[in-house]
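The same chain A turns up in both complexes below, where it pairs with chain B and then with chain C.
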Partner chain A sequence: MLTVSDLVVKRGPRVTLADISFTLPAGKTLAVVGESGAGKSTLIAAILGLLRPSSGEVTWDGAPTRDARPALVMQEPRAAFNPTMSLRRSIMEPVVAQNISLAGGRLERLCAGLELPLDLLDRRPDQVSIGQAQRAGILRALIASPPLVLFDEPLSALDAVTQKHTARLIAELQAEEGFAALIVTHDLGYAVAHGDQIAVLKSGRIEEIADAQDFALNPRSDYCRTLRDAAIALGALEAVA
Partner chain B sequence: MIKTAGGLLLRALVVLSGTAILTFALLWNAPGDPAQAIAMARFDALLTDEVIDQVRAEVGLDRSFWQAFWAWLGPLLTLDFGNSAVTGRPVWPDLWASISYTFPLAFAALGIGLIISVPLAILATKRPGSLLDRFAVGLASIGNAIPAYWLGLILILIFAVKLAWLPALGASTPAHAILPALTLGLGVAASLTRIIRSGILEARGQPFLPAIRRRGVSDRSVGRDHVAPHAAIPVVTVFGLELAFLLEGLVLVEVIFGRPGLGTFLVQAILSRDFSHVQAVVVLTALVFVVVNLVIDLIYRVIDPRIGESNA
Partner chain C sequence: MTLTVTGLSAIRSGRTILHPTSLVIHPRERIGIVGASGSGKSTLGHALIDDLRQQGHSVAHVPQSPDEALDPLRSMAFHWREAEEALGLQAGHADREGLFRALKIEGGDLRKRPWGWSRGMQQRFVIAMALIGAPDLIALDEPTSALDPVVAAATMELLSGFLDGKDTAMALITHDLGLAALRVDRLLVMADGHLVEEGRTEDILERPETQAAKALSAHRNWMALPC
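Then we have the complex of A and B:
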């Protein structure tokens, strides 16, 4: 279980994250929604341990999250890979580094699940489509069976059709692999459809955290209600209640 | 791959023949009477027109430009640099003697540059902005700003005149090469330090690195597989350029330290209008450049397979 307790991150005099607390059980999905500058990327960096919090704690099953070797799926699919290496080499990097012997056929099974032809892996990131690069990024994240996977706007660089497709593949793989997913997104429709819980981040604070369905039905704060109604108006979220 | 190598070789050939024609044309059309200059260099006295005309015919200066050019180029293609118009001796043995002084000095300077700059840049980038980092940047800036001839004189003043640890002039022992090599090497170290440092810092900011940071990939592997190759591209470029500056610096340094070598060889050849000597040096220099560029191009392609791809 991911436990974030009283997390505060300051950059100089500016507080970028304040009093963040939540838990994310294994196998579940937390969707973190918020506008640009709300602190979503900082939250990811803090969970990965890439920045030192001013106070508070982030743990996975009681130990620092970095010990759980959490994986990250980045927003820009091509930029997420070393441009000079083949996708295969990048994807296998965590496996080689952690000295894991993959179960027979795991790579093939994941590739099939992500609808990635195996021979595609011998290309470089600039030689595949954005959608394929993103699925390769997901493959790299999942290959070493991490208990926790962070998704930083995993769909925002993709076109509408590819977004739906990729979202479905992520959900299917999560059901199979059982990892906990923290998905940062600005798309409330996606968050409600795929999150078990929704956390709304505003100016570095959690405005509201609730079960996805409860949130869609009855947001408590005015800000969240505005957010929900805007998503319904845009057609990103089906009208509820 | 074969196509690539062919293209690179073709480019090299164009550069070499262009350089050959251009040098020949420049020397041919330089102001003053070359025959007179050669005759004076040869006999070291004021001469009658008859003697000068005799020299002109003997050296082949009475021919047309293209006749003279082909007469020079033909043997050159078989690596025959011809004879000196001034001394009458074959060019190659004298040129080789100069090379045997200059090339070791150049390699020593590059070696000194690498030995200083690589560890300094790596130490500096351990903690960017730290005291050590600022010290390294400051040192590199000062090193870049100091001209080689001034540094050479200061080194002579300190180590040869005041301390009397090292010889200043000549080239009779390996110890004679230390001060000139330092003079050139410190300059090389200065510019390499800056470029390696900024290369490493930039490579550390590559966008994909967060994706592998917590995946068990060691800092060492990140450095070796992701940071170093990315940082190497500008370093390789500058290293090649450095070689160009080095050849320029060698001329000065050899003169300051009274060393025989290509620089001294070239200066004397120009003063005495020794066509075949000047051309030999220029062609040799061009050849060095072409080979260096060829090697750099190939290294680029090894580091980054995207480079040189027609569909990239």
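Then we have the complex of A and C:
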């Protein structure tokens, strides 16, 4: 279980995250939504152990999260890969770096789950579609069987149909593999459809954290209601009488 | 004025990326050009804008991100003046106050450069520039995808409100049928460089016929919420 307790991150005099506390059990999904500058990416960096909190703790099953080797899926699929290397080489890097022996057929099984033809992995990132590149990014994140996977705006570079398709593949793999997912997104529709819990970040603080369905039906604060109504006005969520 | 284009096509590196496409847009009409990445919707949008301009129609274009429309080294006042000049207007002759009020950017400091404004205000400024001189058509290519949802929703709302009762037609180019469905009367569905389906928005939502329209329609939102 991921436990974030009283996390504070300051950059110079500015507080970028204040008093963040939540838990994310194994196998569950927490969607973190909020506007630009709310602190979403800082939260990811803190959980990955890429920055030192000013105070508070981030742990996985009681140990520093770094020990659990959480994986990250990035926003811009093509930029997330080394442009001079085949996808396969990039994907195998975590396996090589962690000196893991892959279970027989694991790569093939993940490829099938992500609907990626095996021979596609011999191409470079600019030789595949953005949707395929993002599925390869997910494959790289999952290959070493991390207990926790962080997704930083994983769908925002994809078109509307590909977004829903990719979201479904992520959910299916999560059910098989059992990893905990923390998904940062500005798309409340995605958060409601695929999150168990939703946390709304605003100006570095958690404005509300709630069960996804409850949140969609009955946001508690004015700000959260504004977010929900904006998602409806953009057609991401549909209001039906 | 009714806008008509006939047989628009485009070839890039020997590959046909837009097969001959014809369409008619009536005054006040709001159309959506929708399709997946690489379907040719932006190409159709560009070809449409070029062709109509060559015919002598006034067509305004709002790109996806204000970064594409605004020079970071120039003040907002400079951009505004340039837009007026491009339309042959004398400085100060556009109804700036009216447009700024309609798009809720009257508080913006024109002496500042784009980055002195929030992105939402920048995008609304670009839309205001596009609306100078009441164009025959305003074409918007993914106008909300670079914005936060709350800002994006407000921008579409303000633009819709401004266009109500005016003759300016609107073409919304987007991969997101959920967004288009709320804003346009007629949909044009693109796939593989072809216009594969065209019809009233409700009809395509309820009875999509082609594979492309079915996929867009089935994936138009994440879920329906009872409320």
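The rule is simple: the second predicted complex is superposed on the first by the 239 of 241 C-alpha atoms of A that agree within 3 Å, B and C clash if a C-alpha of one lies under 4 Å from a C-alpha of the other, contacts with A are read in each partner's own complex, and residues count from 1 in each chain.
Just so it is clear, a contact is a pair of C-beta atoms (placed from the backbone, for glycine too) under 8 Å apart; a residue touches a chain by one contact, two chains touch by 3 or more.
For clarity, every value in this text was computed on a predicted model and none was experimentally measured.
Engineer: Touch check for A:Asn82: first (chain B), second (chain C), both, or neither?
Structural biologist: first
Engineer: Look at A:Gln98 in the shared chain and tell me whether it touches chain B only, chain C only, both, or neither; answer first, second, both or neither.
Structural biologist: first
Engineer: May I ask you to decide whether A:Leu72 touches chain B, chain C, both, or neither, giving the answer as first, second, both or neither?
Structural biologist: first
Engineer: Quick one: classify A:Ala199 as touching chain B (first), chain C (second), both or neither.
Structural biologist: neither
Engineer: For A:Cys224, using the defined touch cut-off, is the partner it touches chain B, chain C, both, or neither? Pick first, second, both or neither.
Structural biologist: neither
Engineer: Can A:Arg140 be said to touch chain B (first), chain C (second), both, or neither?
Structural biologist: first
Engineer: Is A:Lys164 touching the first partner chain B, the second partner chain C, both, or neither of them?
Structural biologist: second
Engineer: Is A:Glu35 contacted by the first partner chain B, the second partner chain C, both or neither?
Structural biologist: After superposing on A, A:Glu35 lies in contact with chain C but is clear of chain B.
Engineer: Counting contacts the way the document defines them, which residues of chain A are shared by the two interfaces, the one with chain B and the one with chain C?
Structural biologist: In the superposed arrangement, which is not itself an observed complex, chain A uses no residue for both chain B and chain C.
Engineer: Any idea which chain B residues touch chain A in the complex?
Structural biologist: That would be residues 206-208, 210-218, 221, 225-226, 229-230, 303-306, 312 of chain B.
Engineer: Which stretch or stretches of chain C touch chain A in the complex?
Structural biologist: By the definition above, chain C touches chain A via 36-38, 119, 144, 148-154, 156-157, 175-182, 215-216, 219-227.
Engineer: Can you list the chain A residues touching chain B in their complex?
Structural biologist: 45, 48-50, 65-66, 69-74, 76, 79-85, 90, 93-94, 97-98, 124, 126, 137, 140-141, 144, 146
Engineer: Using the touch definition from the top, list the residues of chain A that touch chain C in their complex.
Structural biologist: Of all residues in chain A, those touching chain C are 35-36, 129-131, 158-165, 186-190, 192-193, 216-217, 226-227, 229-241.
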